[in-house]
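Below is one structure, written out as structure tokens; the observations come after it.
Naming follows writing order (A, B, C and D), and every chain is counted from residue 1.
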């Protein structure tokens, strides 16, 4: 089968030919229809320090996907062929203290699909049955393709208790953009967003941010103070991994506030924890993955009820063969979510078809 | 000054003439513009068992109101004459363990305005400065008049963590109706409501309930099971005080779910706590008043941002002199919120004027 | 093999002869050494209404036990023969929303060992591998035998956040007695206990209750008020299932307090929920089983560190053949925990041997 | 009256003569008996960067104290002359959002006794009535003198939910030492402590640490891994402010664990927040002051019930005139808590008298 691969220890990716995976008795084989490109995939493409330390080529990339069940192992009953499914990409060990107490999203023996094991940028992918998530009728197939990153955003927002609160999203890449709309849907009273790229600032506005800040030209702190009676925001959702943004978030969160760190900085950060954290009485939470499976249920409840619609954040849908274009778009820093059309005839779900290539995020 | 009073230990109310209140150094005198009628006021009017045990006539009724500061005591600086204010009606002792640890809404020495001390159905009312709540510009005066009962609904919804969850509101009087809209604004994925009165069921639909149930003619349990994959709802907001509704709520809440009890039953209730509570692993929370003052801040954030609009629940605005009509409307079981127009020239705020008398709740 | 059975739909139990269980690939076969008698077993013995509705004879009883792994199914690797184990007796479905979100203790399809499926009052018992709990070295075998009911007590106490708080335990059967010591170990500042039986009151004192109340002869409410500055207790752990005790707990818990209901009343209870729950702003939590598996880890941490020692609550250890004596002791209302010695040569663990028959609870 | 003062903008302190304070109507005048020396006082003594930026001489130092009420303002009724009291040293504004929602410990307009306003190292001190905390009979006067720092430790431990968990205390100065014993009293299953000073390590052992680590000579990470089944500790209480200790805490806390930051680093810290916080799914909480007044009630419940005894941490009691010795002891890094005996005849409470000067912490 065809697969987008890291073939050796060097920058770049290539379309390869690999055998169709064999499944174990507790696994499910899925024919991939759409797959999303994650920042992680871009790091692997670039072959940066993190990738060099973690990735063992040859490897099929990809962990965001939707597809149809082709075959189920003997112990994975309940998945009929043809069922539309996606999957949680973190494969926990299932037997450690963390996995047994609701924390398998940070299991120390987690293997990640497309990172530690062959992934979903391929015609077929195999996944453990426990990780398979069937798609309810009524969910557009494109939404199903990106439940993994959407779940990151839901995890970040819903563990911050935003109803009636003011929220700042620092960094408006795809997950920051999702977070804006989710925070509004979950009752955030006022949503601020900061972002250096003008196209993404425009998308942030369309996704419902009440005030969008350009941190390079505007007085960040003054704006927040003015619009929060001088108190600062209740909640910061840090989605950029940028050291400056991390610092700004700590500066403008109110005393006793909450900061969710999701964006991954490339290097250690210098923090004045006395002034920024201790004297302010802050709570900081490190967001990894999605809660298995609270986040999934909550997310699907938001989606199926129509309370939140991620369509506006999906800006590109690119044929599988033209994956280079897709990776270029994902890496450029202007886009929303970029989706690969793995099977040529995958059409679209109820959400409607997107032409391959660029599309402006639509207003909600 | 004129005041609506319980003059003696018998049913009924009368317009009386009483001296304008003198304020203590830590109090504020307010000229009342609008006042809301609460179920409590209806009980006092009827002179039922509860009222006979609690009320000591003569008493000026009323605890839901908005008005202008006329005068402030020496220790109550910061309130300029003319400032539009409402007030928290529960006056805690301020020095007990409960008051000192964030639970003054259930202080054992609470005195309630218009119940234990002369209230706001009068041209002037005096309130302790700590209980005075200034109204932010942009809040319609009618909304300000009903922040006390609106606060009950916010307290009930926001302590139940409804984002992404299914919610059932049993009983669609004013506070039930508020709760429907607030639950939606706070991210509830699906809102069910049950109510025996057809006009209130219609209002429930307009306020955003996804499914409105007539418990007398529909199969309550079957509907909920069918629409929640058999699990039942995550959260029940019990707003009726009706024994049957209390039982239905316990029956259709899912295992490990949460039940908020707000409606006050007149008599003890027979409960199968083994089947209804223990084996289900439920959490039940008794909702009294409003958290002082978390609920007030959260509520005002929802209102000022426009995330929630209570206008549709306000169905009547009646001149002060015609209070009998207002009480009849409040007692009849068909209305939303009923407001008394205490000062003839109170006009209206940004929300627009309502004619006295009946008004259908408007669609949001 | 020998087993204590309900042979037909009538009162009583009998020693029967049944085939040794065959295990499925995901199960483990355990040779039982000790087994505890639960109130549930007593109900089945008596053949009361609950038992008649739930139990389908013939059935081997018993869900509290410790034993040695004899054989593991192909998919249940990791359990070496000879390993000392006990098990969680609630067998969840594993795939429902509740099981997938940390609430499998209230899974709607739970089957309970010894209730819905053959249990542990037998020479051998089979259990799903996911439910098997290996015993750490250093844990006395008698403690291992009663981790199921001990887990009930840990669940009740540790979800009530008792550190620095006042706690009332109503009902001093085995689980009430465990709760007294656990509450102290978890930092409860003052532990009250109420119990009608004088022997159990004496045990409550030995387990560390600061004040033990005879509800039939002492002024319950006055005592609690006097010793809590008039506020009442922060937390009630209701362990009796007795209607009077349930009412007393609600009466003496402080406003904003927490009530954990564990004891199962035989009949519906008449509750004045207005005065007892709503106006007090209480939280009530229904305690079922144990959190899977948070409670197990927390419990074992308390036990292995010696912070809590349940030995004093184990009052009887009776040879398997003399099970009638054991059931009589468990039903009489004077005892602590009653253990059956299933395999004659089971000796004892580090905790020391107990003679069969009566033993006064030892002072801690 | 005599007072220990910072007379001008330079290192050192001096005994000064200042007028006895006049009280406002809402204040209380207290004759000081004992006063504790805090790290903050040591910083002011040294006149370091922080002190130079914050302190405006002349200033009377001191915020930890116990004394007798001498006089109460007209609005501060309820405090009889002679009543033994201490006080919360953080004086919030009382009217901001934070103060009105249970977060006055981080009010932005807080003034601190002995830092922003004249303090308690004097014969008399004045405090707002709302901050005065009466001492219950049975509490030794020395314990009463140090409720402010003891409250820091209770705040840090009790917001971390330690029952049944493993805890690491990094830094065994007075507050670290308090935390060890409090964590045990609150049910921590295993308490680790790290400290560079051998005398303090010995005190840590006496206070109940199960394993005390010398971070300069022992393999910190290996020890924790070995004794926590490889998982790391559930909770870290960082009490040192040392960059290395902060890093070690983040390294050995388990995934999904909780870190309480209390110790104040002098400089910004370089943190790898990707590896240390985000990928681990940690929660970090900045501990400032004490919750007003939850922490005070919880603390007093622990003390009055005898569940926790801080006596062993009090190593020095020095006459007021010999304050130089006391400051030297507090600054040397070997001591527990150092107390000044302000009024010569203050004798001692039920806890017994301590000779001035060095005293080994007693075993509990």
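Assume a residue touches a chain if its C-beta (ideal position, glycine included) is under 8 Å from a C-beta of that chain, and two chains touch if they have at least 3 such contacts.
As the structure is a prediction and not an experimental result, all values here were calculated from the model.
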Once you count every C-beta pair in contact for both, which comes out on top, B-D or A-D? A-D
Out of B-C, C-D or A-C, which pair touches the same way A-B does, with over half the contact pairs the same? C-D
For chain C and chain D, what's the span in angstrom between their mean Cα positions? 41
Between the Cα centroids of chain A and chain D the separation in whole angstrom comes to 43
Multi-chain contact residues (two or more partners), chain A: 97, 297
Partner chain B, residues of chain D touching it in the complex: 75, 78, 95, 97, 100-102, 292-294, 297
In the complex, chain A residues that touch chain B: 154, 158, 161-166, 185-187, 189-190, 210, 297-299, 301-302, 304-305, 307
Which residues of chain C touch chain B once you look at their complex with the stated criterion? 96-98, 103, 105-108, 229-231, 241, 246, 254-256, 261-262, 264-265, 267-274, 277-288
